[in-house]
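Each chain gets a letter, A, B, C, D and E, in the order it is written, and its residues are counted from 1.
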Amino acid sequence: MRRIAVTLAFALTLGGLALAQGTIKIGVFLELSGRMAVTGNDTLYGVRVANEQQPTVNGATVELSVCDNASTPEGSVVCANRFVDEGVVAVIGSYSSSHSIPAAGVLQPAGVVMVSTGSTNPATTQVGDYIFRIPYTDQFQGAVAAQYAHNDAGASSVAIFRQQDDDYSVGLSGFFKDAFEALGGRTTVLDFTANTVDFSAQINNLRSFNPDFIYYTGFCAEAASLVPQLRQQGFTQSILGGDASDDTQCPDGGGAAFDGFTFTSFGEPEVLTGAAAERAAEFRTAFEKSYTLDHFTGFTLSGADAYKVLVQAITDAGSTDHAAIRDALANLQDFPGVSGDITYVGTDGTPANRVMGLYAYQFSGNSWTKAVLKGISLE
Amino acid sequence: MTGAGRGAAASGEHAPSASPSDAARREPLLELKGVTTHYGPIRVLRDVNMVIYPGEMVCLLGGNASGKSTTLKTVLGIVGVSQGELWFRGERADGLPTSERIARGMAVVPENRRIFPKMTVRENLEMGAYLRKPGAEFDEDLAYVLELFPRLGERLGQLGGTMSGGEQQMLAMGRALMSRPKLILMDEPSMGLAPLFVERIFEIIKQVNSRGISVFVVEQNANVALAIADRGYVLQTGEVVLSGPAGELLANEGMKRAYLGET
Amino acid sequence: MAASAVVPRRRPWALWLVVLGGLGLITWRMLYLHGVNEAFNAAFFAGAVVRSLQLGSLYALIALGYTMVYGIIRLINFAHGEVFMVGAFAAYFLFSRTPFSWPVALLVAAAIAFGVLQFLNFWRGRARDPIVLAGALVVFAVVAFALASTQLGWFWAMVASMFVTGVLGMTIDRVAYRPLRGAPRNSMLITAIAVSFFLQNFGILAFSNRQTPFRPASFFTGPLQFQVFGEPLFTSWMIVLVPSVTAVLVVALTLFVTRTRLGKAMRATAQDAETARMMGVNVDRVIATTFLLGSMLAAAAGVLWGMTFGSINQPAIFGILPGIKAFAAAVIGGIGSLPGAVVGGVLLGFLENFLTALFPRTEYFSGITEYKDTFAFLAMIVILLVRPSGIVGEDLSEKV
Amino acid sequence: MSARPGDAGGNGAGARGYRPHYLAHRVRNSLLTLGGLAVLLVVLLLVDGGASVKLKQVFALFAIWGIATVSLNLVNGVTGILSLGHHGFMLIGGYVTGLLVLPTATRDNLARSARSELSDFAMGLSVENWFRALGLDSLTTPETLWARFLVAVLIGGLMAALFGVVVGFPSLRLRGDYLAIVTFAFGEAIRLLASTPLMSSFTNGALGFAGVPSDIGKSVWWTFGFLAVTVFVMARLKYSSYGRALQGIREDEIASEAMGVNTAYHKVLAFAISAFFAGVAGGLWVSWVGTARLDLFLFFLTFYFLVAISVGGTGSITGVLLGTALVVWVRQYGDPLEQTYALSTWAVAAGLVLLAVAALAFFLRRVRRIKPDLGPVVYVPGALGLVAALVGLLGQGMPALQATWQGFGMRAITLALLLITIMILRPVGIMGRREFTWAWLFRERLDEPTEEERAQDAWLSNPALSGRAGAEREDDEVDA
Amino acid sequence: MLRLAGVNKSFGGLQAITDLSFELAEGEIVSVIGPNGAGKTTVFNLITGVYTPDSGDILFEGGSLKGLRPNAIVDRGVARTFQNLRLFTNLTVLENVLIPQHHKLRSTWVSSVFRTSGYLAQERRMHEVALEKLSFFGPRLMGFRLHQSVEVLSYANRRRTEMARAMATGAKLLLLDEPSAGMNPKETREITEIIRRMRDEGGYTILLVEHKMNLVKDISDRVIVLDYGRKLAEGAYADVVNDPAVIEAYLGKRSDKTSAVARARAADGLVAGSSVDVPGSAAGGEERS
């Protein structure tokens, strides 16, 4: 009995070695559950619609291998390992820099191309030459935000709320701080960690600084608690957020306190210019056939473009060889993406000429709208 | 136990020859039939047969680790019976939970008193009557207990843990009486008490017994216990090695030698 | 568990000296801060005080559950934080969802009625009593109707959530802990940790893992503004509601424990379970009651917590930090002692909230906000090493 | 792996009164051990050369977690102190190792980035630099990463051990669950402190640092090498006089002290050794992930180790490794559990699991007589499971059951339920305190009497010579 | 060899041991007797360092044991058994007898991991000592029993293992707490013989607490009677048991029913009104520690 059991266990272990072989696969890992689930799913819908539009490449059907990183770095590593295992041709993902960077650490040594849909921290593409992204970097976003705070809002002292355990937030705060101080302003950084609900200690610290502008670099899960608490404790200053605030969890969770909350985020059709705007609007129409427009944001466009550039690169490379795809991607020039033209030539994997939008939440009663203020592009 | 000692009485169920209230002799109040118990793999009691008739006072004697307290816990249902049967008031009781056995008329004065140290004397007494509806009967019983132990009446509001050992023993006995039991089980009521107190306690036990409440007392202090008990059992390594009327046991040579240590 | 804790002998004047000295230092620090920066005015510190009290009350409510369970079965109920989480989420569903569809309402009502049946049997001690059945039927009808036709206000949501969570606490005890009575304490503790993990992940499964806004329509969440020495203090009515609800519940609990028969049985079981059993106390039932009460308090704390901060965390982590801190509060106050839990909770609330106000970020000092969460742990370690019985508790450490 | 307590004395055992190991058995066992090692080697070769990167990484992860669980087992299983702060020790080892082996290029990148809070001093902490300073330039190439890693992981382990001593000190004053809570508080406090300004010049705040070389942590050979060393040390320690003393503390601390064991010293020793290997595991884990981040070292880590230890067998090294394999397998290959299925499928699955648990409980109660009373705890879930399974099977067409549901968190739920079930039904775990040895496998038992001994025993328990009770008792022993 | 000088110990205001002094010469077997709750086990706990005396001193071979940790006291040469058996239940008999020798091990844990020759030699020596001590009990604990877990042993064998364990510490003075509790008469006789052999062959000095008078009578050189933490009498067995005070305290009052009633009446006043301090539950509780 005992010996049989041992033998059986051994046989089962060997059975685990069995491998599954797939066709042309593109791995997609995103925040489909957890604290960033809204954005992650919006992005995934973009990828899916793009996939419906271009289901084949080089005559082969593209199969999406979707993996949920559960909004954790560890989950991202698990996903990346799974992709390497499945032998995917390339990888799309993910939204947050905190999740993209660990996955890039797996994919770069494995020599698999990764295109991040939402990671704006410069460090992501610095991991290596196989890592690309669709959006702008936080260096740009931080500088734009600093200019907005200094010029448009006329602020001279800014309190920066920073989520200290997130790459994106820490990076963006740093760039904003540098840019704003270069403009001659004063800043203070108030740290919090993920999942903070009680901000009274931070707000205590805010009092002595008494800023005339607040910059929030974290995510909506925390903003939904922070902003109402700020308002309730008598802070009426304008608040500017980063693209992580572009999430329905903010106005849904925080309610009317978010009235007038401004944020910079990925370009939507309204802020794009020229042919890109038309392509984006066209894509929106296609998107509407499968999903509701509630799920259409700049991240959706970004997800679609991640798919599109990869298909283009595979076509250009003419094979599914990893190195060939990387080379094709690195030589991409003026690709007509739905989020703007994409050029990787001469960059570290961040496209040149990205467009950013400035938006604001506006409330009437309990319902809110996301108003487009203007588009900003990198000179 | 030597052969001579064993000869005095077979373990178990012979009717006692001398007892104060012969009227209530028909039906045993409590009966252990071949009870065996284990703590894990260790057998503590082996084939124990005992019987207590209504109105009787029976004592259980034995050295340390001979299984006395285990017998008591088995009767109460704190230790399970692994073999054999336990009957109480004509009912099979070895499957019943402790609270049911208490409700059917058992009460216990545990070893070392075990009063609730952070409850007042009154609350301790209330705990004794836990399974009964509060009401007039409660006051009646309280009055009886306070009459028996006037000292408790003076200290109704005091915390149990602050009383002396003798007072705690009284409280424990009073607590047991509060449930109007048919059978009181006492575990070493004399332990750690001054000789005068021991006698006082046994006198009260006798008084209680004379009200028709059966008493089953586990003791090391054999002389005192046998002096007032009707019958006794002697336990050794989990087995009943001697049993019989108290007088006979007191006179038994083997008993003296093995247990009392007399030469 | 002792409602009337025996305070060991100590020199009262030394205690007073320490207290007065501490107050003096705090006053001096407040005056100094005010001198440094105008923002640290009376309203600032008054705000810190009321928030400390508010947070402390919440900790106290949770801590009571830990301390009751520890007092009675000497188990650190690791899952208590998750019970608190479930309490908050249950209430969230009750007040935020539009009326439930009839099948769902009937199902939920049946479950609740079954719980009521259990309860009433519980206290009456007689199963299948017609009155009990009738009561359960009435509850069933009322609950089903309420769920299907109206959206509950925060108060009724809280009451209902307390009930649901209480049943959950009892179930946890019955399924996971009761089979382990008498097992080594480590096994029980490991099981408790496992239950806590189970509930966290079950929360992900059932409530979806994201931070959830918690804003029932209520007068109390509205803003409250008053003047402290001419300076405005912005806050909400929650600073009144939370301590008052806590006070009511603590008084009710104290009355229950000292006055009722079951409450006395609870204290007796805590002091000496075996003897309590010998008195005819159904110890398992008493333990179940303890879990019921502790879980109900935790549910109330969950609702108040959500209303105070306007949102509740994702289920996977919501219970952890409040749970651990409340446990620390119970230890600080003296685990096993009801007043200890309250004292410890309020003290921890002050330690966490008022200290950050006393040492805020200034131009010369980066503040102690970042260390806030470690206070509870460090205070707990220090208390355990210096005085394991806590501030008002008695020694429960294992005897030789 | 065939160590037995009786073997420790070496040869000539028979002469001193205990069972001789038959030569044939010894030869057979040695051959089997060699064979087992060869099989392991072949498996590792296959895995290392195989196509599946994931399998390779899972094997490496098993080895890393194995180091952690086997080291935690020294405190939890052997010494009997419930320690809940293992993730804290791993954190220390992980961060120290990560910082020390961070390549110069990554360091420079980090120094320029806005994300760095590392002090210049911390930036300069690099084994590479030290080797350069010592003139060991040959050890600073990418090919000789192992040399730098070994130094770093050793330092990481020692730092963790130092902290282990600190955490061990409360064990002198506290016992039982109070101590468990203090270890937990320490573990959490380490993590919280690591992100504060006080420590962030070394830890780079909560973010930590990416770019830790993965070559060692993902290498099957290195990780299994470390695991082999850990198991060797732990097994030898467990079956030495020190191990006996530690087990004595587990069984009865007061008696140990009364028997001359310096319990204070031994408890701190156990914590320190355990923390050292936890630090090593932490270093390897950081290398496996490639990033040192605070959220790698949450309490859930210790929880999974606890699951592994409790399920496998508290105190048994082989049992713990078995448990670790189970936990790693469920966590890495359990994603089918978290997919979206129809409610009917869920109902059937849940029902079958409940039924299986109830059947197991019933089996253990009836056949093995493990728990005297389970009552409704067994029958109610069993009945519920049956109902759920039937509803799921029969109601496949029902629209209500066709709704789909994604099983978020099912892996953790599975492990938590497994742990609860094990704790209730078989608290000692699958292996109990036994080790997997060939002697165990072939049922060679030293504690069963030979014919001769049986006869002697019967004579000793002869009713004519001893009391009746004695006779009964002696017989009991043999069966029990 | 061992000398207690005016030792006092109280627990929470309750005097458990009052001004206790006695001496033990090398090679003696001395029994401590007294009713339950008299403080016998407390005396053992005081000598072995579980409790520290409030006042007075405990000297062993000239050195004070006061304030030493229990393990340090074992190092000095005093070992004990426990009334309620504190064996290492899940370990084997052999391991149980090896652990007490650990404090004599002169190897670091590192050398024990690498099995240096020095360590192995000591380990071999420990096995020899273990077998030697176990052989005191004849074949009862030898052979297959060596490898049996203590959990499956009978009560009597557990007692024997505990005595072997105490001997294996290498102590010169053994404190045996009720070595014959739970044993039948035959086993008791056997243990009596073994205790004698332990003194004669093993050279141990023995202090024991016992309730069984046969055993006490057979082997004690001297008997010390305790009652309420006070020494009531000391001397040869025959002298002590005939002391009326001892008979009253230990054997219980030899009273018939009438005298019991009479005495109870006399005591009644005391119970109801007077305030004679009576030792309370704590002494009994400590006794069972």
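By our rule, a contact is a pair of C-beta atoms (placed from the backbone, for glycine too) under 8 Å apart; a residue touches a chain by one contact, two chains touch by 3 or more.
Quick caveat, the model's predicted, so the values are computed rather than measured.
J.: If each hop has to land on a touching chain, what is the smallest number of hops from chain D to chain E?
T.: 1
J.: Averaging each chain's C-alpha atoms to get its centre, pick out the one most distant from chain C.
T.: Farthest from chain C by mean C-alpha position: E.
J.: Centre to centre, using CA atoms, which chain is the farthest one from chain D?
T.: The most remote chain is B.
J.: State the pair of chains with the top count of C-beta pairs in contact.
T.: Top of the contact-pair ranking: D-E.
J.: Quick one: chain B and chain D, Cα centre-to-centre, how many Å?
T.: About 51 Å, centre to centre.
J.: In whole angstrom, what separates the CA-based centres of chain B and chain C?
T.: Comparing mean C-alpha positions, chain C is 44 Å from chain B.
J.: Express in whole angstrom the distance between the two chain centres, defined as the mean CA positions of chain A and chain E.
T.: Using C-alpha averages as centres, the distance is 74 Å.
J.: State, to the nearest whole Å, the distance from the C-alpha centre of chain C to the C-alpha centre of chain E.
T.: 48
J.: Among all residues of chain A, which ones touch two or more of the remaining chains?
T.: Within chain A, the residues that touch at least two other chains are 33, 70.
J.: Going by the touch rule set out above, which residues of chain D reach two or more other chains?
T.: 195, 254, 408, 467, 469-470, 473, 476, 480 - these are the residues of chain D that touch more than one other chain.
J.: At least two other chains touched by the same residue of chain C: list those residues.
T.: Each of 204, 208-209, 370, 400 in chain C touches at least two other chains.
J.: State the interface residues of chain E toward chain D in the complex, per the touch definition above.
T.: Those in contact with chain D are residues 48, 50, 69-71, 74-75, 79-80, 82, 86-92, 94-95, 98-105, 107, 109, 112-115, 119-120, 122-124, 126-128, 131, 135, 138-140, 142-149, 151-157, 165-166, 169, 184-187.
J.: For chain A, which residues are in contact with chain C within the complex?
T.: Residues 33-35, 37, 70, 188, 190-191, 195, 197-198, 200-202, 204-205, 207-210, 221-222, 224-225, 228-229, 232-234, 249, 252-255.
J.: Quick check on the complex: what are the chain B residues that touch chain E?
T.: 1-2, 40-42, 63-66, 112-113, 115, 149-151, 163-168, 170, 188, 190-200, 202-203, 220-224, 227-228, 236-237, 257-258, 260-263
J.: Please name which positions on chain C make contact with chain A in the complex.
T.: Within the complex, chain C touches chain A at residues 37, 39-40, 44, 47-48, 51, 55, 204, 208-213, 215, 223, 225, 232, 234-236, 309-314, 317, 353, 356-357, 360-362, 367, 369-370, 372.
J.: Would you mind writing out the residues of chain C in touch with chain B in their complex?
T.: Counting only chain C, the residues touching chain B are 2, 4, 6, 261, 264-265, 267-268, 271-272, 274-282.
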